[in-house]
Amino acid sequence: MSELQHPLEDYTRRGMIPHIWCNGCGDGIILGEFLRALDEVKYDINKVVVVSGIGCIGRISGYTGTDSFHTTHGRALAFAVGVKAVRPDLKPVVISGDGDLFAIGGNHFIHAARRNIDVMVICSNNFNYGMTGGQSGPTTPIDAYTTTTRYGNIEHPFNLAHLAAASGAIYVARWTAIHVKRIRESIKKAINKKGFSFIEVITPCPEEYGRRNKIPDPIQGMKWLREVSVVRSFIDPIEAVVQPDKIVVGEFVNKEKTEFSELLSASTQAVQSKLEKEGKLTNVAI
Amino acid sequence: MRRDILTGKYFALGDVACAEGALAAGCRFFAGYPITPATEIAEHMSRRLPEVGGVYLQMEDELASMAAVIGASYAGVKSMTATSGPGFSLMQENIGLAAMTETPCVVVDVMRAGPSTGQPTKTSQQDVMQAKWGSHGDYEVIALSPSSVQEMFDHTIEAFSLSETYRCPVFVMTDEIIGHLMERLTVPNPEEIHLVDRKRPTTPPSKYLPFQAGEDLVPAMATFGEGYRFYATGLTHDETGHPQTDSPEEHAKLVQRLCDKIRKNTGKITEVERVFLDDADVCIIAYGSVARSALSAVVEGRERGMKIGLLRLITLWPFPDEVVEQVAAQVDKILVPEMNYGQLVREVERNAGRRKVVSLPRLGDALHTPEEILAHALN
Amino acid sequence: MTATATHLPEIQAGAPTAGERNLMSETTGQMIPAPKLAKRPLTAPQMLKLRNVDVVVMEDRCKGCSFCIEFCPKDVLEQDTKLNVRGAHVPRVKDSALCVGCGICEEICPDFAIFLVEKGEKQ
């Protein structure tokens, strides 16, 4: 219809849009809001490294016009930790899914949060494993139907905001795909914080989870999110439940804590100063 | 004098020599997890890296260690990890990722008795096949086998040079004996150490194709944060780095290049040591600590008038096919002593034929004695 | 502001807003109170500037989810009868005078297929 360019075109990887995500998938909204947030705070795009794992949302690193890496399943955070440790000038942003970050990647998540490493994590939580056809995952609500829980899910799900806060994250927020402006505001805040930030975005998955759980239509999925969301910022994350009839959203944690790179830098400086003062090359015996 | 190259003569532990070699090679990132008998490498790196301005990270497991090594390498820093059998198994997934994304990195495996938890404090050479075939799919790696503490130092430097040249994971496959051995180590002057850095892009960011390679089949490697804004993935990809999950041609093209860049350069990469081979009738092919016993056996044999020689494998992978084939043509018998149940002997048989080759396996913390090797060489 | 603001959405008396919905604590069993929210109305110049926009649709990108149509607060868009290359009904502007330039369509679109430009930039 027109040759006009989308306002975010320069932030996307040339030639990769339109993306592969399904009709009505919330991942496109996350991509849009992430790029809009970077634009609004005028973040130095050359310093952003987008790292993603395996899954539908894992493809996002191919769509952002940044240095990007698409890792093996669950290892995005470990990769990001390696990047940040040697290059404190860069800002790794891990954008991945509920299974990638909390099932196979669970261990790496809690340790990265514990270290308070300066990485921003955005989790697209769609309650199942979409890319492989809709299997259950660690956030699938109890009684829900997926391809591997045909009789109803019998496992309790994680409360991701609570898990992130308990592991040591200094910024924890949860929104849904319908809260477009809130997602953007949270990203803007988190990207400038020095430390581990976690933003959970609950997204509809019409083709897989939605289809099997009475919300097959994209509009139904979004309306459901709007209907069941309750905004309560700064309550104790343990109160911020996620259930099919109630999703508590908001910003739950926003605090400061010494960040890993600062501690590392201070420690390295101290070691080297000591050597200088003592006039030695090393204090270690070979 | 430099903090990273502590020129001098020492009486050092094998693991420590390996760590010092890494520092001398320019390694400034180590991510690992403690595991007998490689823990000393991690401990030494944790103490020395801050002194040279590098970073030591103790990750939550070996999978994370390997992922962090790839991350740090893509962020522009020479990186390594060190482990033993059980950790090596965990790392295989991301070794595959390193091969697919052509990440220069060094992995040290101080082999111990396996499979599984096995005997943590006892030596073996049981991981040598795993080094080549550990991860899924077709890919090529380079593996070196030190036989002394000095070689732990030298081969680690060589491993970094090879990984930077060929943009692939390079393994230093040593065993617990060498890892925990104390021997003389000479750290040379910095001028005597030859270092290699990865090929950097010569094109501006707008024209850079991250996986486009010239005749040497190795692409130039950009670093995060320099404005290249490139994309690397473990999915099959084309020269632009974008995923190509539907095209059989693209898959064949990529996998062939990843393998050919090593296979076509096997002659340049592989290194062996020949001892008394010119007129030998019997050849012993050995590597690692077994090669030391084999050397004694060969010297003893020659003193008794036997026409016996030794081919010491310094490079295990890519396997020196042509060299072994050529040696096999000259001799009547090849003896392959290994501290496993017969692994690299298969590669020898592939090149020499099964009739000429005799395997001398040894399981359990038991280095072959020179007498044992000589006895088997005789009959 | 004393002028009648006919373009603002009608707020039905008594209906709870998202912030006021009840939430009971998981641990104490007590009710967690709703937050106090503050909003300021736009000034007239701000409103006029926002309204000075056209809607642009990149038809080939649209997958037909209809989020823009459904969530437009002014009901500006509707489904076009024709189909695009993907077999989806793209949105079309019913009446551009209704548009207040809020930008929800641009933000809620997952496919980068609809956006606003200043009036006059189109064509």
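Going by the order they are written in, the chains are A, B and C; count residues from 1 in each one.
Everything below uses one rule, namely that a contact is a pair of C-beta atoms (placed from the backbone, for glycine too) under 8 Å apart; a residue touches a chain by one contact, two chains touch by 3 or more.
In this text the structure is predicted, and so the values were computed from the model without any measurement.
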Contact-count maximum falls on chain pair A-B
The chain whose mean C-alpha position lies nearest the overall protein Cα centroid is chain A
Rounded to the nearest Å, the gap separating the Cα centres of chain A and chain C is 26
Taking each chain's mean CA coordinate, chain A and chain B are separated, in whole Å, by 36
Distance between the CA centroids of chain B and chain C (whole Å) is 59
Per the touch rule above, chain A residues touching chain C in the complex are 1-2, 4, 6-9, 12, 17-19, 21-29, 31-33, 36, 178, 180-181, 184, 218-219, 222-223, 229-233, 235-236, 238-239, 241, 246, 248
Per the touch rule above, chain C residues touching chain A in the complex are 18-19, 21, 23, 25-27, 32, 34-35, 56-61, 63-67, 70-71, 88, 104, 106-113, 115, 117, 121-123
Chain B contacts chain A in the complex at 1-3, 6, 10, 12, 16, 20, 28-29, 31, 44, 47-48, 50-51, 53, 55, 57, 59-61, 63-65, 67-72, 74-77, 79, 93-94, 96-97, 101, 185, 224-235, 242-243
Residue set of chain A touching chain B in the complex reads 13, 16, 45-47, 49, 51, 59, 61-62, 65-72, 75, 78-83, 85-87, 89-90, 107-108, 111, 264, 267-268, 271-272, 275, 281-284, 286
